[in-house]
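Below are two complexes that have chain A in common, paired first with chain B and then with chain C.
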Partner chain A sequence: MSVIEVTNLTKYYGKSRGIVDVSFTEEEGEIFGFIGPNGAGKSTTIRLLLSLIHPTSGSARIFGKDVTTHGPEIRRDIGYLPSEVFYYEGMKVIDLLKYSASFFDCDCIQRMHELSETMELDLNRRISDLSYGNKKKVGIVQGLLHSPKLLFLDEPTAGLDPLMQRKFFDLIRAENARGVTVFFSSHILGEVQRLCTRVGIIREGKIVEISNIRALQQNNYKKISVAAERLTPAAFEMPGVTNVQVEDGTLRFFFKGDINAVLQKVGAIQVTDVTIEEPTLEEIFMHYYE
Partner chain B sequence: MSANIYLHEFRSRLKSVLNWSLAVAAVSLIYFSFFTMFADQAALMNQMMQNFPPELLAAFGMQGLNLATVLGYFGFVFLFILLFLAIQAGNYGFGLVSIEESELTADFLLTRPVSRVQVLTSKLLAALTCLGITDLVVWVSSFAAITLFRGKYAYEAGTLILLLLSVIPFQLFFLGVGLVVSLLVKRVRSVTPYSLGLAFGMYVLSAFSGVFGDVTLELITPFKHFDPNYIVQNGAYDTPLVLLNLAVSLIALAASYWLYLRRDIPSVS
Partner chain C sequence: MNIFLRELKANLKSLLIWSAIIALLIMIAAAKFSAFAGNPEMLAILDSMPPAMLDAMNMRAFNLTTLSGFYGLMFLYFGLMGAMAAAIWGSDIISKEERDKTVEFSLVLPVSRSHVVTAKALAALVNCIAFVLITWGISLVAVRSYSPDQVFHEFLRLEMLAMFLIELIFLAVGLLLGCAMKRYKLSASTAVGIILGTYMLSILSEMQKDLDFLKYFTPFRYFDAGEFFHSGTLEGIYLLLTALILVVCVAAAYLTYNRRDLYI
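Let's turn to the complex of A and B:
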């Protein structure tokens, strides 16, 4: 079953672009990575799905229900961790969490204590006294408190130290193992690579690629470097070769296509070294952005 | 309506309600404690008033006001109580949804499983409760002030009740107009300039309307819709103006719902 179905979703803020014609689906139990640089439209997409903003055109369904008409019903099973968390400054952490829990039909108190213990969050402090990272922890507990079926994480790790990041990822993996679907927006590719099964890449408001993360790494591009004497880029001028760089007699490039074609070219010259490897997600990503 | 939002909103305003209520009660008690002094020298007072230019008297809503009577005297301070209440109601109206947006807690609230209608209704009811509490304090302190300090002078209880009841629709106007304006502008950065502007603006309009005898200005300011001077002198409301006031408030509230349901909640930028 598709948990999220987005069809030709478009959002303009007046004349400025939010997102244009975005379509994708996320299946139940998936961890879907949503990657793009700042301003590409990641947050806009999430805010549309949470009906914090209204689409200019197109539609989105969550759990099979339209987000603009069934918002309250849908949000019963959604957890949301925004990139920057803001809570009522005068409240204590525990009061905020209880307030949040009061919206849901659940007995969340025990879970609240468990989660706070995992994230090492002091419940008796005032929100206004918390550091950025500690506010983020409140956000994490608040987002998971009511055992949602779908989690929206918008750049969730900013402000967390590496140890907390690891705990957080473990928490997300455990939730996912229980069947929770995760929508993970980020511009940090390493964490997407570690966690996600499928990724969508968004650029300037448009989806440029949706792919299985393995497929994206394996089937698309090879990163090739060839070292030889008096080597010029002309030696590998052929279709499928991109991003050619020459450095100290070593030629580096990306190649997409039949790998034998490259091997033939390599065979024709006297090389000192050859490597053919999978590009990192980072490199693929940069490639999409050039 | 959802009880948890209502309670949260109510609690967060409790301190403000106490402050406003105490201020208003203090003003009416202190001011009225001087009543017998004025009333005992009524002839002197009214003679002094006649020496003021009529424009000045009009600007303070004192035209034809007899400071020697209980309600004439009370009507004068009541104008300032109204000004207090206008600022308070304006604060609540302008801040009702805009504070959550400028402090960025709107994201939290609106990602809970509640509809925008529920959110706005709960917030409105909480604000109305707070205004109601202030009204109770105004009523009790006004009665107390008059009972304690009126001395041998009598007054028309019915007129006093009309005067005191007028605060409810009066506040509703500032709450509703404040709310709709806050939803019409893109972002309210600070509530106070707006509410002070609206309250004093309306007051000044009412004052100028007295100076120039201009009819059109009366139509838009609640200070004229519920002019204490008019109520005291006639023992009744100016019905068409009161109906106009109610119509404006209700349209403002209806428009607020319409706007809020369609509103894009601004994000951090």
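Let's turn to the complex of A and C:
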């Protein structure tokens, strides 16, 4: 079953572009990565799905229900971690979390304590005294405490130290293992690569590519480096070779095409070292940006 | 219910501050009134003042040496204070979520926007009721030593009712501004601007007889202490206008808030 179905969703803020003609679906139990540079329209898409803002045209459905007409109903099963977390400053963390829990039909208190323990969150501090990272932790606990079926994460790791990031990812994986669908928006590709099964790439408000993360890496470029004595770029002059760099006798380049062609060339020279790698998502991504 | 209770708690401080201000005002005025009370010389001084000025201050309708007369003059402050407090409460209670950027939390909760507006409006309404009751209570304490009679109590009751209706009008106006204006910074100041504007209008319509028709456009003329002191009742046409303003503003508030994009 599709948890999220977005059809030709378009949003203009007056004349300035939000997103244009965005369509994609996310299946139940998936972790969908939504990647794009700042200002590409990632947050706009999420806010449309949460009906904080309304579409100019097109539509979106979550759990099979239209987001503009069934907002409150849909949001019962949604957890949202915004990129910047703001709560009522005067409240204590525990009061805020209890307040949030009171809107859901659940006994969330035990889960609140478990989550806070995992994220090492001090419940007795005032929101206004918290650092950016600690506010983010409150956001994580608040977003998860009612055991939502669908999670929206908008640049979730900003402000968390590496240790906390790992705990957070473990938490998300555990949630996903329970069947929770995750919509993960980020501009940091490494983390998307670690977590997601499928990605959508958005640029200047438009979806450029939606694909399986494996396919994205495999059907694309190979990253090849060859080390040999007296090696010149001329040795690998052939169609499909790009981004050639020479450094200390090592030749690095990207290759797209039949890998055997490269292997033949490699076989023809006396090499000291060869590596053929999948490019990182980052490198693929730069390609889409250019 | 949880939104309502949280808002009550969050607005308590503001209610206390407004109450303290009005308490101070009443106490100072009551102390000053001791110089006027039953003093015929004061009447002579007032009579020598230019009539236009007396009109502007609404001082002609009352005998300022009596307690009721003095309280008729006080109504000016009650109306203005009530209007200010109500308008600010009404607009802030909605727009502060956008100002403090908490909309991404509070409106992602599984509640409809209408539900949010209702809960918040009710919390602001409770504040308005409390503000009138506090004003009433402090008034009773402040005038105790002047042995108020039945006429005064009846007049005070009408004044408090009128103050409450003014509060309601500006609460609804404030609510509408908070709901409709995306530029949250402007909503409270626009509300205060409307209050000052309509107040000026009420003075103007009173001083220039050919501008009398303007009285329908300013809630401050709907409840004229001089008139209801003498008639002993609030005028039906103005009550109708009040009801109309309330319905229109509240309906427009719900409509716009449901339709517009939240400012994030």
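Note that the second predicted complex is superposed on the first by the 237 of 290 C-alpha atoms of A that agree within 3 Å, B and C clash if a C-alpha of one lies under 4 Å from a C-alpha of the other, contacts with A are read in each partner's own complex, and residues count from 1 in each chain.
Criterion: a residue touches a chain if its C-beta (ideal position, glycine included) is under 8 Å from a C-beta of that chain, and two chains touch if they have at least 3 such contacts.
Quick caveat, the model's predicted, so the values are computed rather than measured.
Report clash or fit for the pair chain B and chain C bound to chain A in the combined superposed model.
Chain B and chain C clash in the superposed model.
With the two structures laid over each other on chain A, which partner does A:75 touch: chain B (first), chain C (second), both, or neither?
After superposing on A, A:75 lies in contact with both chain B and chain C.
When the two structures are overlaid on chain A, which partner does A:100 contact: first (chain B), second (chain C), both, or neither?
Both partners, chain B and chain C.
Touch check for A:47: first (chain B), second (chain C), both, or neither?
both
After superposition on the shared chain, which partner residues are touched by A:237: those of chain B (first), chain C (second), both, or neither?
A:237: touches no partner chain.
Check whether A:129 is in contact with chain B, with chain C, with both or with neither, and answer first, second, both or neither.
neither
Just checking: does A:87 make contact with chain B only, chain C only, both, or neither of them? Give me first, second, both or neither.
both
Would you mind listing the overlap between the chain B footprint and the chain C footprint on chain A?
13, 47, 50, 52-54, 71-73, 75-76, 78, 80, 82, 84, 86-90, 99-100, 102-104, 142.
Across the complex, what residues on chain C touch chain A?
Contact set of chain C toward chain A: 2, 6, 10, 100-105, 107-112, 115, 259-262, 264.
Under the definition above, what is the set of chain B residues touching chain A in their complex?
2, 4, 8, 12, 103-108, 110-115, 118, 262, 264-265, 267-268
Which chain A residues qualify as touching chain B in the complex?
Touching chain B: residues 13, 43, 47, 50-54, 71-76, 78, 80, 82-84, 86-90, 99-100, 102-104, 142 of chain A.
How about chain A: which of its residues touch chain C in the complex?
13, 47, 50, 52-54, 71-73, 75-76, 78, 80, 82, 84-90, 99-100, 102-104, 142
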